[in-house]
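Quick one: the structure is below, and I'll ask about it shortly.
Chain IDs A, B, C and D follow the sequence of writing; residue 1 opens each chain.
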């Protein structure tokens, strides 16, 4: 294990009057694959640049391992950054690119060659050593960038949306590859992305960021199942949002009076009676027509049925409210399409929290339900 | 920038001196540049700044053979050019220079060390005995000496008379006049130097009584007299601007005025006329009856000379009778070296006798020592003629 | 570019005009070159005497001309690196600095290009006279560098603006010292622009006249000497020199154009 | 600045900044400042000090001659070819003791007068050193002749600019938008060759056309309008038109290339689209091509005007002294002929001001910013 932990204490960033990052505390464990997820402009890149040393924090301190980073310049930090556009050196061959950091440290050519070869093998680029970056495919370039960063044996590898330029297939393949490399090397990865798929599949833990604030730090599962803010709930995965007012909170279950009647869900901590609230329920948690076993029941009309392959995407309407439900093929088979019906969900599958800011993507959910494709554009 | 702030502060304080000192420090680094550039040149040499035709290859070869010193020659076409380039180069570019003796005052300059861009001649090192004594004496009155120190050594003399193609305009030797430049039949085919045509024509107009000028000596008398005489002459000349065929500023240009530009008559230096006559006997160089314009040229050493020993060696070399004769044969000018005549060619002797008849020699008009107003005012009228 | 399929009358007129324009540009040069092969002196194409190559070897005998040519090279030896260095420095500063001051700096640095050459020459000799430095090759080097440096600045700036800044950050991040980064990343990237500007700086220095004639004092360069000879009696020796100039230029242009085409 | 330090480190950043600072101060700003400073110093050549210096010169010369006579005896021509008498009173007469005493007395008198003048000279110099040295007399004292020369030079430069613009626009258009790839390459090379040939050579080439026995006169003779024999040929160098033609010839390519460069960035499809939409040719130029080409036209005009107004080589070589002088030649004369650097600096700065005005004028007319000019 050569990764080191990264600790941020009250770190903030400002550009003139604009606060890009509000004072933030964050601990990234040594050898962890950590992602920072958020929409563009949320401050995640700023965060990364502060860790890598290209930006000085407006306040707070950054520690990597035992060392405080204040005053340590980018080229002296035990971090390596992989840029969004990779920033490979076009005038150098693959191996020279990879050995660049070693050259900068005055390592002898023989040694450089040897180290570069190891990394070339690691990222499966044997045979391409002498090529120039513009002679490589997108995936190969990606691997050169990773190898180049790893060559300097960083304790922390920072990745700034490095997969965004690739097509969907390649991207999915590279996810696995990055994960594999991270496991092999044990280096701490801090991965920045606006693509929740990437963040959830690769990461040990994910931080969700919005407007300069980290709203939640948790494992992928918990981020998905137990979002702690409306933003996280709406940004990560698909969610149906039902608004209303809290009428009761008992034993961790909140009752919410909405246009569609009283609804019940798990209450997040600190929820009080009488506040405006939102209830989030995942499309796959909805049951159509199965009236008996649900804590909540809502009468709906079918609007559209989209066949998605593995599941069926139902778009339903309940008054003004649009509701999306995912049915497995088996469950879908029993649904009578033609009449008005009910959807139901267990209180345990829904989360109720005080009304707050939602992610932009949440609004489009009912129409598209295809965030992956959107991100690919 | 920091420097900018310095400049503006210096300006505000009005301390130009201190500003200059500061910039001098800044410049010091850059000022090592000239040294680098100069060090590209060879070491043992003498740098000569001379009239285009003054130092010919035979003289250079002879000197290099005798002393092993390399001659680095730069030429100029007029006294003005020599003076200004000397000033522009801070008296440093060359060792030996050949000014007209009457122009010595133009080398005075407040910026020069000791107030003049020339170095006093060390009379122990320069072989002044080689010079015809009367030249040595009279050169004092013409300007070779400045505040008790000699700066220039007479080198040669020559004249500015009339050159004409006798096939086209046939003039009798004794009756040639500066007025012949303006004869009707030579309209558009006259060559002259703007600076001296206002002297030659002035002599003609004085003799005919049109513009009285005491044989042009009035222009040296006072500024007012100079303005009166020159303006009248300039007006007269500009009325005849259709006569202008070609202007010349140095000997080569004068020759090409006749050969290329179609001039048939002109006010030229002796060298032009005599060399043309050597090629084509139709050309004649004659002294005008108003008195031939005569100048005395000299050799001196520049204040910033770096090769003093070599410079004196060079000067003493060209002041030997044999070299004086080589010079005269090649150029048609007359050396000021005593005894040079014994070595001149027969052609030179013949031409000398033809042009400088006793009556001509007794009626020469000498350029006088420059006065402060002379050069600027003359150039003002020269501009008018050039722009006519 | 779209091929012109039909030739209308406008195109025909345009072609005639272009033909005349090209003729106007080349006719004097061709005449000058022809006269170099005529034994008649002064040079002429109309009074043809005899076909000769004699003027070319005569060039080598023109000691003064050769000396002046050497001066041209001496000047260029200093002007080219100085201009490229100044241009490079300015380009880097201007690309990296921001704000109104940058615009002012830019205007100042580009101003020598838009200043008449003689003004630069004069300002230079006036300036250096204060420090006891006379007009000579040195002042010419200074005067030429003043405006020639603007050209490398523009060329290098254009290239810098196309630079991917992440590359420099990547290098820094990989532990490169700023100097190593410059040597290994920025400089190689700028090299084509630097070479182009060096070539241009050489051409500009070599052919400069208006600035040089005012700043060189008593010395000469090839161009001041050509001008001096052109003004007075000239022999076809200068024409012979012209033939060499034009030939070299044509060869270089052709090689350059063909290479560019080849790269496409 | 911070960014610079981060990327290039302080040694390199300092070095680059120092280079630019040197360029700015030693090469660009300070020399101009010194030139302007010099132009504000008026050199009075008619004042009392000048007169005293002249009088001193005369006295010293007189004294020098007399001292020479005292040492060497009367000069007498003994050797050499001839002794043209210069001052008229040298003779080989004997030099008596009485003459000697008289001469010595005269020398002493001269010395006294010299001494008193030297004192006055010193005083005047001190007074002059304390006076405020600046005035604008070098600018206000421009004679009518020089003002006329300046006007004429500027007018010529404007005409050259207009002719060049009129001639270059179609050429640039043809090369950039109207030719197939092969023709473009050929035309570009055809334009590039004269552009790259040494400026002096291009000017010199015109002598073959204008010479007495040059192309023009030969054509006239062939056509029977003139004959070499009777010298009825025209001396072309006398006509200002020759300078105009050669100026246009020499600087026209500085107009072609900027226009071509901007025009070549125009998407030809825009022109096609405009044509499809039914625009007439002139409207396409007026509405599509010219607006796009504006920065190029502005640069071309500025460069051509500046080069033409500031040209020394063309008038110097082409007029051969047979035409009134160009303003640049006037400036040259002030520096290298009539020794008046102060006036020369004033004229030089005047020329610079005119060019600056022209630049701002063109930028205003075309609505172009300085940044756009450099390409």
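The working rule: contacts are C-beta pairs under 8 Å (C-beta built on N, C-alpha and C of every residue); 3 or more make two chains touch, one makes a residue touch a chain.
The shown structure was predicted, so the numbers you read here are calculated from the model rather than taken from an experiment.
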{"item": "Chain pair with the greatest number of C-beta contact pairs", "value": "C-D"}
{"item": "Whole-Å separation of chain centres (CA-atom averages), chain A against chain C", "value": "57"}
{"item": "Distance between chain centroids, defined by C-alpha means - chain A, chain B (Å)", "value": "90"}
{"item": "Euclidean distance of C-alpha centroids - chain B vs chain C, Å", "value": "36"}
{"item": "Whole-Å separation of chain centres (CA-atom averages), chain B against chain D", "value": "24"}
{"item": "Sites on chain A at which at least two other chains make contact", "value": "54, 73-74"}
{"item": "Where chain C touches two or more other chains at once, by residue number", "value": "42, 125, 130, 142, 169, 172, 177, 181, 231"}
{"item": "In chain B, residues with contacts to at least two other chains", "value": "27, 30, 85, 88, 260"}
{"item": "All touching chain pairs, where touch follows the definition stated at the start", "value": "A-C, A-D, B-C, B-D, C-D"}
{"item": "Chain D - residues contacting chain C, complex", "value": "1, 3-4, 6-9, 11-12, 15-17, 19-20, 22-24, 26-32, 34-35, 38, 167, 170-171, 173-174, 177-181, 184-185, 187-194, 196-209, 211, 213-215, 217-218, 249, 252-253, 268, 272, 281, 302-303, 306-307, 309-313, 316-317, 320-321, 328, 331-332, 335, 341, 344-345, 348-349, 351-352, 355, 359, 370-371, 373-375"}
{"item": "Chain C residues touching chain A - in the complex, by the definition given at the top", "value": "164, 166-167, 169-177, 180-181, 184-185, 188-189"}
{"item": "Interfacial residue positions of chain D with respect to chain A in the complex", "value": "6"}
{"item": "Chain C partner contacts - residues on chain B that touch it in the complex", "value": "20, 24, 27, 30-31, 33-34, 37-38, 40, 49, 74, 76, 85-86, 88-94, 111, 250, 252-253, 255-256, 259-260, 304"}
{"item": "Touching residues on chain A, where the partner in the complex is chain D", "value": "54, 73-74"}
